[in-house]
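Going by the order they are written in, the chains are A, B, C, D and E; count residues from 1 in each one.
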Amino acid sequence: MSASALALQSTLPNWAATAPALILALTGLVLLLIDSIHTAREGVSNAVLAGVSAAGSLLAFAVAGWFLVAGTGQPATGGAISLYGDAIVVDGMSLFFTLIFTVVAAMVSVASYDYLEAQTTRGEYYSLVMFAATGMTLMSMANSLATVFVSLELASLPSFALVAFLKTDRGSIEAGLKYFLIGALSSAVFVFGISLVYAATGSLLLAEIASSIGDTQMIGVLGIGVLMLVGGFSYKTASVPFHFWAPEAYEGAPAPISAFLSSASKAAGFAVAFRVFLVAFPLGQLPAGLDWVLVFQILAVVTMTLGNFAAATQENVKRMLAYSSIGHAGYALIGLAALSVGGPNADVLGASMAHLMVYGFMNTGAFLFIAMVERWGVGRTFEDYNGLATRAPMACVAMTVFMFSLAGLPPFGGFLSKYALFYSAIEAGFWWLAAFGAINSTLSLFYYSRVVKAMWIEDPKEGLELDTSPVGLYTAVIFAAVGTLLLLPAFAPVIETAQTVAAALF
Amino acid sequence: MIIEALIAVTFVSALVVFVAPRQHAGELAAVLSLLPVVGSLYMWSQFDATGNALLGGSIAFETQFTWLTLGGLDLNWYVGVDGISLPLVVLTTILTTLAIVSAWTPITSRQSQFYGLMLFMEANLLGVFTALDFFVWFIFWEAVLVPMYFLIGVWGGPRRKYAAIKFFVYTNIASLVMFIGFIALVFGLGDSVSSLGLPEISQALRAGELGGYGALDAATLKLVAFVAMFLGFAVKVPVAPLHTWLPDAHVEAPTPVSVMLAGVLLKMGTYALLRFNFTMMPDVAQALVVPIAVIAVVSVIYGAILALAQQDLKRIVAYSSVSSMGYVILGLVAYTTYGVGGATFQMVAHGLISGLMFMAVGVIYNTTHTRMVGDMSGMADRMPVTSGIFVAGAFGYMGLPLMAGFAAEFFIFQGSFQSTVHDAMPLFTAAAMFGIVIVAGYLLFAMQRTLFGPFRFDGDYEVTEAAFHDVAPLAVLLVLVIALGVAPDIFFEMIQQAVNPILETGGGV
Amino acid sequence: MVPPQYYLLLSAAMFCIGLFGILTRRNALLLLMSVELMLNAANINLVAFSFVWGNVTGQTFALFTMALAAAEVAIGLGIVLVLYRNFDGVDVTEATTMRW
Amino acid sequence: MSDWIAIGALGLVGVGIPLGMMAVSALLRPTVPEQGKSATYESGEVPTGTARVQFNIQYYMVALLFLVFDIETVLLFPWTVIYRSALAQGASLTQVLLPMLVFIGILVVGLVWAWRNGAIRWVKSPLANRRKTERQT
Amino acid sequence: MSATVLLQSGGGGGNDPVLLPETIANLLGLSGIVGDIVGGLIGAFLIANIMLAMTAVAGPWAKRKITAAFTDRIAVNRIGPFGLLIIVADAVRLLSKELIVPEGVDRPAWDLGPLIVPFSALLGFAVIPMGSGIQLADPETGVVFAFAASSIASLGLVMCGYASNNKYSLLGGLRAVAQNIAYEIPLIVTAASVIIFTGTLRPSEVVAVQAEPLLTVAGVTIPQWFAFVNPFAFALFMLANLAEIGRNPFDIPEAPTEIVAGYQTEYSSVYFVLIYLGEFIHIFLGGALVALLFLGGPAGPVLPGIVWFIIKIWAFFLFTQWARSAIPRLRIDQLIEVGWKGMLVLSFANLVLTAIIVGVIA
């Protein structure tokens, strides 16, 4: 393996390591061009657009996977590849996260094929998805606060437009507005935080920040800056304290976009948070008063508890999923909260990454199922889901898989990833984090099983008929379900890769 | 690889049935479910293990390969059978087939989903009884709950939603408690184990390699873990006072599901108790012998008394299951060859007999649409074959000689009388034997009122003999019950071989 | 030369004014302006400390911030436009089809 | 700093002179308020309706487009400034020219897309008309 | 010119021109910050008055004369020689007219708009080198500053248009903005193509670069004025500049035949004067930018710099007046299409080609 990897490193120029991002960006541009070539709008085939964007994402997925297997940017082949004056770095972690973004983008593209049938503007939709995915990929590669911010905005701006994409739907507009306002606020907070960090350290490169935090005179400024950075990340990952946009945005947005945001975008937020905090503010070199681990511990516990309790009180399935996605952000935060000097940090971080990977499948699938239900025109509350299984058993099996997997029940991928997460937290000595997580998981079973109960056990309403069986949505949902299932037996490579690449950060 | 093949075939069958047209799903499922039956019988014929799978000795059909490594612990795909698990595997496959056949009449909607779930559950049950790695085991263990939840919730009686949720919540919380207990043990063992393989862990535990973890010292940790796991399994068994989900689940579940629930799912609890608590930590078990024995005896007596007070035939059988499971606990805690072996034997025997009883009740219910004792009498006039088998099954339940129940209870009582783990064991045994009297009482009472006497039926349904495919499973089960009663050595020999290592190193007898 | 603390104070004041605007205003356009104010507060810091530290990183990044701020406003205006069309106004509290 | 002081001075003067003119005018001019004078001028017709009318959406479209391209010039100028000296110092064209070509290329793709979608077409496109009729039917 | 130089504003090299405020301060014997301020104020006043004087000549008098000449008429000729005193007469007349405030105006904006328009145009002159040492300031970012200052005017125009509560005004204001933004990008991008040659944004250096010889024809050295180096860019810039200052054929914001007088419909008295003034200063600012970027600034043979400078900006003024008389007005849709589809693309092509040519030659 290492031989071919070495060959790869020597035959391709260094910048080729960013190929996944380049492919996604090119796909977006190509989509715009395709959209431009056709004058008459009917000429733009929805299938072509969806196909191109899915193919582009899958190609990026394949390339990222190939790089990951070949060891690009990993210690075995000479370590991380840093480009453009260290502003971008391609290493195992960025490639791992790229896999999540691209596979989610592919599923969302395929699913959108049906969702967009009634829309007149499609080209921009797909290309915005691609651009957002590009931004996320760059987020995972960002090695300087400048690239962090730019890529974060590159991921956010298309998302704003996508959330508000249904121009005549009041819910979508409202969601877009709220998402945008909170997003703009948090990006302002974030960039102010960056400016404070720059003020204290004189650099935006993560490595240089790390080397100069020891002797900065402005600990207070730096501390406030770091706190503001946390704020920015918490927005992107939909965790406390910038979480409150999530229910609105997810509920109002087109459901495939909710899927995209709650899985890929969240993962991207974590990718960038992991790198920024571990590289720029390494544990053990922090001056007193800069203990961000403590902040994340509080945030993790509050986030998972709040998300779960709020989810338990919802009547609207999409909203319930939105809150549960906040809860899952809390679990993933354990990856940052259970770190300690000399602890099994790579295990913790890797487990969190693996959880995000599994989450990418199960959560995307769940939201896409909701997209399908919206397309059926059934309604959004738990009652509206009554008896769906009598009409669409396969889709409901898939949804059941997602729900139980999200709850962390064993026969699905979510169980193993949660187990790995909590186990590594205990291993690191933070048993109370794991305990909070476990209690919350148990609680979550309550509201997840409500969906299952409604679909399977409750009697269908009079005259419940599902007129269509959307091909794209079905494909994507089944794909996600198979992925969620397969991640149980195939969890080994995921967690091992995750922990290996995580180890490179310490 | 035969175990993998068995499980895989069952999974695939489940999928096939799930997408099959519903008119033919039942027949298809029955035919497909014969494959695992054949497989398990083949395994039985080729069975050559002599030891206990957890404590060394040869393990039959063992396969193991690495799945993944987490925090220095290997999680392996590790399966194999020994004398304890093989009878349960056979029981599972046979009972599933019979339950599927018995479902042809009562299940009239969404058949393909029903049979698909039944087969899915069977696959997971096979996994539970064959897994030798904790993780694999736990995944199968939890996976059983999912189909059961649906089976009760979708096809159950009027209060099915309540029953399904109650079942699901009870057993899931129990699993969590148990899981935490076990993981605490693993953390206590620290570096002395390198995988979650059950043999490795049990041997390390029995070798006293448990260390403390956090604020807990080794002894406390062990005690806490034992109690946590005992509670977790006890819900599944169930023992009083953790049994309250069982009557609801049984009453609401359709007959074939009740068969599986009583016949196999309850055995998961006792099987896990035997494997985990009593094999891994015999010292704690023996230290706690009094409370455990008390729980066992209370289960026996309390279950029996509750059964006495019921009007619903199904409830009667359900409570009597609680009672029967009490015997199993008593046998386990006795720590003698006959005690533990008898308990294991009782698992199989009770699986068959309770399956038979539920099916018989179900057949009657299919015809009469009521299960209330007071609603009918003299059924034997109109349904002679069914009634006959019902009576025979009840005798098996009561422990009539030459029936499996007799052999099992005899072994258990013999074992617990011999037991030296505590001076009071004979006393407990005597108290438990009192339960037999009550069982005989309530079964005879119920039969007398429903089956015999002048025919009377308050419902509007035509009461006739049941169809052949309804009665056939009953007959097969009866044959099996009698066969085990006449020749318990079919299983008991291999059970004993597997049980003895537990006692040797544990220092019971 | 002006001590760097003054720049910090200035930018902090500007940031707080922007934040105050965000928290108190209900007009979507005013909110946009407040956000701009906050972003520009960051720009003050970046440019000032670019001077203090003697490297161009901060200045360059300030340019990026401006560009992104403009892009953000472009998106924001688009959203405000559809907001106006659907809710007949630019009051952000009007949009309450979903529960807060 | 004197550069900016001087610019500030011109700014002051730039405000001061108009203010001064206003002051002079205020002293000179008469004030004869009358209803008819202050009516809004609509070529002699009686004014109808408010003046705060909805105007063509294209104004917004153009404004948004402008925002993108205008900010792009912010990033363009630093490049133009260093372009020649960078070349003189031996930087290769691929380093100096290519990135900007890519940047402009992306912008051009955006422009083409906006163009084809009628963002800069003032007269309502047949497409827009057709869509309107579609919506009504 | 590495990027670090950008940092030290006014740090400067050795051949810094002596700026007007400094000269004045030296004359007055002042130094330090007091000298800066006093010199700055006096210089600013001086420059503002030069511009106002030129505007005064151009607006009420020259414009009429030129238009009359194009249409073969006699314009103002009664008051003073050549009717020159009409300037005074008009000034007094307009200033002493009643200020009519129409119904429903948005008063603060209505008052502020006429202030902003001349302010923005005047501010742009702060960095223009006018030759003979007349240059108020010479910052590192002078060229960009001039563009920035001049585009503040559109803010004033839209304020006027919106505040007037008049449909003509509103449309005029909007058109002004639409036009300004449509042509600002070609303008700036074309300017950027000049900056590629100069490698600096400092006005004095831009001028200095253009002083270098381009080629010698028959003993006459032709300087490297960018109008000669890149005539295409020059043409583009002239065109975009016309639109930027709102002159024909791009005068649709006012378009008297369509919307009366656009944003200034409701203004009278001194406010009208201010807007009118602002527009004319804007024309001269546009001329100054053309001179700065393409015509070697104040450079020229024999005559002193300031004279050449005034000649150049008057030439530009004449050009606008010729265009006013000679070329018909565009419609708004034509204007937008020409701007976005024509000028923008051409200006980018110009920039890219310039960059490639410079890159290949260098």
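Following the convention adopted for this analysis, contacts are C-beta pairs under 8 Å (C-beta built on N, C-alpha and C of every residue); 3 or more make two chains touch, one makes a residue touch a chain.
Owing to the predicted nature of the structure, the values given are computational and were not obtained by experimental measurement.
Enquirer: Name, by label, each chain that touches both members of the pair subunit B and subunit C.
Expert: Chains in contact with subunit B as well as subunit C: A.
Enquirer: By label order, what chains touch subunit C and subunit E together?
Expert: Common neighbours, subunit C/subunit E: D.
Enquirer: Which chain is in the middle, if each chain's centre is the mean of its C-alpha atoms?
Expert: A
Enquirer: Tell me which chain's centre, taken as the mean of its C-alpha atoms, is farthest from subunit B.
Expert: Between subunit B and every other chain, the largest centroid distance is to E.
Enquirer: More contacting C-beta pairs: A-C or A-D?
Expert: Of A-D and A-C, it is A-C that has more C-beta pairs in contact.
Enquirer: Rounded to a whole Å, what is the gap between the Cα centroids of subunit B and subunit E?
Expert: Between these chains, centre-to-centre, one finds 94 Å.
Enquirer: Could you state the distance in Å from the CA-based centre of subunit B to that of subunit D?
Expert: Their C-alpha centroids are separated by 79 Å.
Enquirer: State, to the nearest whole Å, the distance from the C-alpha centre of subunit D to the C-alpha centre of subunit E.
Expert: Taking the mean C-alpha position of each chain, the two centres sit 16 Å apart.
Enquirer: Using the average of all C-alpha atoms in each chain as its centre, how far is it in Å between subunit C and subunit D?
Expert: The separation of the two C-alpha centroids amounts to 20 Å.
Enquirer: So which stretches of subunit E touch two or more other chains?
Expert: 3, 6
Enquirer: So in the complex, the part of subunit B that touches subunit A is made up of which residues?
Expert: 18-19, 66-71, 110, 113, 124, 138-143, 145-146, 149-150, 153-154, 160-161, 164-165, 168-169, 172-173, 176, 180, 183, 187, 214
Enquirer: Please give the residue numbers of subunit A that touch subunit D in the complex, ascending.
Expert: Residues of subunit A touching subunit D: 29, 32-33, 35-37, 39-41, 120, 123-124.
Enquirer: Looking at the complex, which residues from subunit D come into contact with subunit A?
Expert: So the residues of subunit D touching subunit A come out as 106, 109-110, 112-113, 115-117, 127, 131.
Enquirer: Inside the complex, what are the residues of subunit C that reach subunit D?
Expert: 60, 63-64, 66-67, 70-71, 73-74, 77-78, 81
Enquirer: Which stretch or stretches of subunit A touch subunit B in the complex?
Expert: 344, 347, 351, 389-390, 393-394, 397, 400, 404, 409-411, 415, 419-420, 423-424, 426-427, 431, 438, 442, 445, 449, 452-453, 456-458, 488-489, 491-492, 495-496
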